[in-house]
Structures are given as structure tokens and as C-alpha cells.
């Protein structure tokens, strides 16, 4: 059996040891990327063993996004900048699970938070949760922090970076490193000053500084830590997936990618809940 | 066209004026019950016109459940009992959308809230939102209020009502009037005293009183009001559904029940959001 | 002994039965007004018996202001207007105990709240609690509700009422009925329409309506109720004050106004706390 | 003039250069300890210059306690233990400004928080803010974290440490390093294991580990950072105190310890508030 995170091991066995690969009883994969690669393999008709997508199970999704980000946004900002949250004006771009986590945490610590959102369901949720829905251009001049959580490209453009005020902190909690157009900041008229690991001051000719974290990469991965509690929940879910694939009677799983069956998912969930009793 | 809430008009036209019914261009229905009746008609092959299920659109669901209940739980309790929320111990049975709304509101006003839940995903959400997940039997003796939001039957049994403390408030925010086993309280040894409209004191032989609201029917409908804002959102959504059915080219809708198309749903959502600008 | 609320009984005995008044063992008074009258009497050298000021004890002050207003702002607004709080823009004038209570409750239910404040300590508290500190003039055009909690006069002027948007709700949670300049609205060009008890629509020539609650009197007293729990705490504190005056050895209390001794105050507090166990 | 933090400089000049000390125009002191020493000097009649106590000004007190601790409790715990807050059971000992800050932050991130308190006013505030008031002994077996903020000695005893569950985190946010009876843990049957800077595992003979942070010293000072924003507010307040002493006409300040005059305090406050606009 293969237990994988990212799909590299799966790919390596598949390429180098095709004969071994065929005899594998099952693959368990926990990352977005790895799962994506499995689905591609399956689509191409080249997946000759059953695989289990643990990435999309509730114990993985909710913790990776809503619950972890709610904590790591604070942790990541503190460790890099020592910023005080109380009274600060913040715009969070995107009100999906990650954005919801960031907004909840920052609001609770006394920040004044507004939200940009293009999906109307999420935008309405932001409204009803007490966050003003704005366009980034309307607020970019006055905010103390800009946090991206959209999964899209170029959410924060060079033009907007030009208009930010001195000392504005810019960071990314989304899915890629292109939400902030960092490339556009690598121009001769701007000076970069590395003030600390993961913290750059980008300095405009007039002396204005924008504080860029992790060069626009994921703040939660670059500047925070993942609680061992979360790792153990994911590991438990993976172990349950391995057990399921191992014990499954012939024919239950074919050469395809499966989600963890509900019963196993529930076992993982109740195990987690029991931890809090 | 028919614009209905509950399905009675639809049923009446269908039964009394079958020839008119066949010529109807479309039906728009906004209630759970009415939608249920439409699906039954459709299943039986007797629905000869296209119908639109507005009940399951986001502008209806979220407002009816999470957002309205977050406010109406407070309103319903205040109008009936004048209870002070600060410091009170409350158990909320069920952590779906309705339960989430109730818990959020009560916690924010200083109540100490715990939750019962049988679905592990909701139970984990309760944990991570800071609500202790318990069994009703563990806490029923000490709480000041019991609120049901499960959609199930007999969530609060006579045995549990027997064990509640003097002055405990019991009410239902769920989907039926059977969540609290009210029938079991209609026994000779218990005295019922109507102290106000929608408020009964049920009195045990030892003098203990349990305060039962709306005889176990829905508190939000019986003892609170629906904001005109919510009515206007629902009405807008219905109007959009009528427009859609009316303007639809032949063949887009057949003799079946449909959800509002995403584009129309988004129009309703953005209209609502614009209201908050 | 005299147990009074408002000072009328005290005044009546003092005026009509001066000989009885001299033999009174002690006076217990619970209202702001009554206490004010006692201090005046004392200042004038006319208070010939010891009096106890219960109004300024913690069990009275905190409940009357912070804790009651946190709940009655919601209750008062719901009962009069059925407004939905989620997403609404609100300005609260004054961030004392009453203002803090109003802001906490409204924010928790999803309103977007900003604050006006002239005292810098309270203004800083508002900032750090996540409320934008503004001038009323800056926001009066866009807000959905204006709530006064300052204790000052003419906090909301006619000019500001002229600039409010259609449907704006205006109400007073402060100490007098002059915080909103209601008198200025009684001019021929404005039409008053009583839509419900305690609710007036004031209509401008262009059709704009401002919704004025309780004609600018205290919303919490006019349109909400005081929980029996709060009344019983105050009553307990008064009873303790009576006991203290009755049992006090000669000489402990002279012809003056006293606060409840700390020991008695603590008894009242722990009694209240025990209620929550 | 002398600008001091802790009183060491003042003491040194006073002892070593008594003739210089007499010519000092004024002393500005910002720490609890330094202020305490100044008052002692004044009491002993040995303070021959005016001194200004900046420690007790609002801009210092509120930030040092409520606002800083609300953030540093999270920061200190994350940096040392990477604990996830969601769903954790926490007891906070003491509900003064520091305790209030800790409780607010932890509750907001999904922890289930209860409070121990011996002062009834604070205990009632805890109740009404939605925190169950308990005795430490009642909950010590089940909680995941114990945080002391009382200013008292031996709030957490060896007996209670013996009863904690495996993995319980114990730390101090109060005023001394004796709130947790750390000395009692230095006995032969317990093994200490330093797992990281500021983090010790204290291991019982049965293998149970208690995670002790900063050896019971102040977590906020040992394991977190003070935001530069807070330092700059304190520095501004000190500068204002220096200006006041320097410009004061003869006779305004004598050989005593003074609080910053209200006008200057307000200047500091409005300066801070303006920062948030």
C-alpha cells in the first residue's frame, strides 16, 4: 500500500517500478496536488489500483481551512510583524472557508474588518456576519493590512500596491503565490529590504514602505506552524483509509479514486470529538 | 401562473379546475410543504406544468434558518418570558443552521451554551466553535433553558422533563411540534397554568414549574415576527422565478420541479447585498 | 424605615409628617433621582436620618446599564420595528456602559457598528474593541439606525435628521429625552404618522421617512421590559440595606447618605453569582 | 531630568550622585516597580524632586493589561506549544483586566473557558460575560490549559498539578512568578525535560506530562513580544510627562509623585485614537 502526501511517491513507484505498482493494494493520498494527479491518472485510464482521496474528507478540509486559518492568520502575522490587531483596519479578499477563518479571528481581537468577494453567496454571508463588502480599490488607501484568500491570480495589483499607505502589511493565505502580483514589485524604482526572515519592506521612491510577508507565498505555511493536533487528525483519517482499503472485500473498490466511506469518516470525526470531552 | 406558499392554491386549482390547471404557464412555490407536494405530484406523473422550487434557493434557506433564527430565538424568548440571557446555562439540541443561529446569539449575549448533536460533522463544528458537546441527560438537571432544533421526534422526553429544575424554559425552534414530547405532559398529576399567551407553566406535584413555550410548536413562528426585510427578499426571489418561467423559451422547462437557475439566484443575492451598501 | 424608588415617599413623609420622619430609623433609595434628592436634603442640613444609596451599588449599576441594555436594545428595536440586525449599519452615540452594551449586542448579531465619543478613554476603548470612531456628520447619511447613549442634550440635531436616509431608525437609550432634538421635528413641513404604539414615522416633504421610537424617550423603559431577575437582584440589595440600617449599632450611621458597606455589597454579589451555578 | 523604567537609574543617581539628584528637574517613571520605589522614597521624605507616575495612566494600564494580554496569551501559547485553541477546555484564574483579555481571546478562537475568581464584582462580570465561575479543584482534572492571572501566590498548588491530565499546559500571565507553585515541582520523583526554550515537560512517575511554560514566569514577557505600537504609545506618554514637568511653572509640582494631568493624558489618548482613523 502507498501512503502519500503530494503524490511524489505514487508517481515514482508508477514510473520506476510499474510491476510493483500493479501489485499495490491501494493508495491513500492527503494533498490537493496529489489527489489532482490521481484523478488525471484515472482519467487517462492508467490508474490500475484503487486510491482513496483523504484530502476532501471533512476532518481534513475543515481543519486545513476554517479552523487552522482562524488561528494561523494571527500566529503568522504576530511572528513576522508583532503587529497589534486591536483597532487596525483590515481588508480580507475572499470570504470562503479561509477568509471566514481570518475574518472571525481578526474581528474577535478588535480589528475592523471589511471583505471583498465576487461570489454572491459568500458576499451575502459576509454582510450577515457583520463585515462590510467593498471593492478593494475603495479601501486600499486607508487599510493597515491586506490579506488575500481567494485562490485567484492578481487579486492585489501593482496599482493597488502603489496606493497603499506607509506601513501597510500585505500577505496571502490563499492557494497559490500569485494572488499578490509580487512580480510587479521587482522593478528598479522600488527597493527591497529584508528586515527579517519572511519579511520584506518594499520601499517606494518617496520612502513609503509596504510590508510584504513570505514574498506572497502562503503565510500559514511559511510563517506559522501546523498544530500537532491537526496532523494527528489527518494521520488518523489516513490510517482509517488504509484499513478500509486493506480490509475491503474484492470488488468494493475498483481502479478509481474514492472518497472515504461515510462510516469511516464518521469514525474519524467522533474520535476527534471525543478528544474534547 | 400560480404563486403559492404552502401548496393549497395549487392543490385547489388542480382539483377544482383541472382544465385551468393544464393551461397554467408555471407554478412558483416557496414553502417546504408546498415543494414536497409538488415533488409528489411530479413523481405521480400528474404535474402537467413546470414548477419552480424557491424554498431551496440560498436567499430563502439562509434567511429562514441561520439568519432569522439567530434573531428570533432572542426575540421569541424575550417576548414570552422576559428572561435575562447573561449567565444563563442553555442546552441547544441540534447544531444545524438553526442550532448554529441560536447558539451564536445566546453565547454573544453572555449565556453559557452547550450542544447535543448526533451528526458528527455538526458535532465537530460545535466543538470548534467553542460549544461543549454533551448528552441531554448529563445536563438536563442544571440548565436554565432547553431549545430543540433537530427536526427529530421526542428529542426531549417526559423523563427528562421530570428531571429539569424549577423555572427551566423549554421551547422548540425545529421543524415539527413533536421535538418536545408535549403529549406526555398531559397527565393528571401535572397541572397546566396558562400565564400568558403562548406561555404555559407545567406544574409538578412538588411545585416545580417548567415553562413551556408555544406548547412545543415553533417558537420563531408563534412568538416572534418575521422581519419585512426577509419577506421582501423571499418575494423578490419569487418574482424572479415568475419572470424566468414566463420568459423561458419553449423547451427550457418541462413538466417537472426546477430550482431557480444560478443566474437568477445571483441576481437575487446581489440585490440583497446592494441593500447593505 | 422607608424603602423608596424615586424619592416621592420620602418627600411626602418629610413634608406631611415631619414628626414621623424624625423617628424613621433609615431610608433606602434605589433610583438616580431619589438619591439626588437625598443628597440635596443632606447638603441643606435637613436630612435627620441615615439613608442608604442603593443606586450606586454594583448589583444595581452594572445590571441597569451594561447588562440590561445589552439585551433591551435588541428587544426594544424588535418589538417596535421588527428590524433585522444582520448587515445593518448602525451608529451608537456614546461608548459608556450603555453604549458598550448596545454595541456588543448589535455587533454580535451581524450589524456593522461605529461609535461617536467625546471622552478619549471611552473612544480608545471603542477603537480597541473594533468599533470605528467617527463623527456623526460623517456617517449620518448612510446608516440604518442611530442610537443615542450619551446623557447629553441635542446629540442628534434637526440638521442631522434632515440628512438621514429613508427608513432610518432613531432611538434613545441614554438618560434623558433630549438626546434627540425631537422638538425640532414638530414643524409644519413634517408630517407625523403614528404607525404603532411607540413608533412614529416622521415624513419629510419629499416622502422620506425617519422612524422615531418612543418620541425620543428611553427605549429600554418604553419599549422593552426589565427582567424579573434584575428586579430581584435590586430588591435583594435593598433588603440587605434595610437589614444593615436596622441592625447597625448606634453611631455607625449618622444623618447622611451612605453607600452599602462592602461586606453587604459582596453578599448581594455572591448571592447573584450563586444563581448561575 | 530622568526618564526611567524600573527605577534603577533613579536609584543609582540618588545613591551615587546625591548632589546631581537634587538638581534634577523631574523624574518620569513607567513601571510598577519603579513607581513603587518612588512612593517609598516619597514616604520616607527623601524624594527631593517632583516625579511623574506614567505607569498608572490609561494609555499604559489598558494596553499593558487588557489589550496586550488579549493578544499575547495567544501568541505566547502558539510560539511555545503550537497548541490549537478550538475546542480546548481552559480555566483562567482571575478575571481582572488580564484575565478578561485572556478569556475574550481564547473564547473567540473556539476554546471553552471557565474562570476562578474570589472578588465578587469580577466573578459577576465573568458570569454575565458567559464564563462559568468555578473552583479550580472542580475542573483541574479535565482542562487542557490552566492560566493564572491573579497577582496572588500559590494559585496553582502541587496537589492540583498532581491531578491535571496528561498534556495539560500550565502558564502564568499574572504579576509574579509565584502564582504557580513551581518550587513544589522540584522534587526527586518528578523528571523535568526541557523540550524547547521556555517549555518544560514535568513528568510524573506514571508518565503523565504537564507542560510548564517559562518556569511559571510571565508568559507575555517571556514568550511573546510587545508590539512596537504599544511601546510607542508608552513612549509618547512619557515624553508628554517630561514636557509637562519641564514646562510647569514653579510651584505646580512639589517633591512628590504625581499622575499625568488629565489634559496631557487626553492628548496621549487622542493621539492614539487618531492613529486608527
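Here the chain labels run A, B, C and D in written order, and each chain numbers its own residues starting at 1.
Everything below uses one rule, namely that contacts are C-beta pairs under 8 Å (C-beta built on N, C-alpha and C of every residue); 3 or more make two chains touch, one makes a residue touch a chain.
Since this is a predicted model, take the numbers as computed values, not measurements.
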Report summary line: Between A-D and A-C, more contacting C-beta pairs sit at A-D
Query - Chain whose mean Cα position lies farthest from chain A - result: C
Report task. Express in whole angstrom the distance between the two chain centres, defined as the mean CA positions of chain A and chain D. Result -> 35
Query raised in the report: So, what's the distance in Å between the C-alpha centres of chain C and chain A?
Result: 47
**Report entry** For chain B, residues that touch 2 or more chains besides their own
**Finding:** 67, 86-87, 89, 109-110, 112, 127-128, 132, 276
Requested in this report: Classify the chain contact graph as line, ring, star, complete or other.
Outcome: complete
Query raised in the report: Which bits of chain D are touching chain A when the two form their complex?
Result: 67-68, 70-71, 74-75, 78-79, 82-89, 104-105, 108-110, 112, 224-230, 275-276
Query raised in the report: Which residues of chain A touch chain C in the complex?
Result: 86-87, 89, 107, 109-112, 127-132
Query - chain D contact footprint on chain C (complex, rising order) - result: 58-59, 62, 66-67, 120-121, 123-125, 127-128, 132-133, 265-266, 269-270, 272-273, 276-277
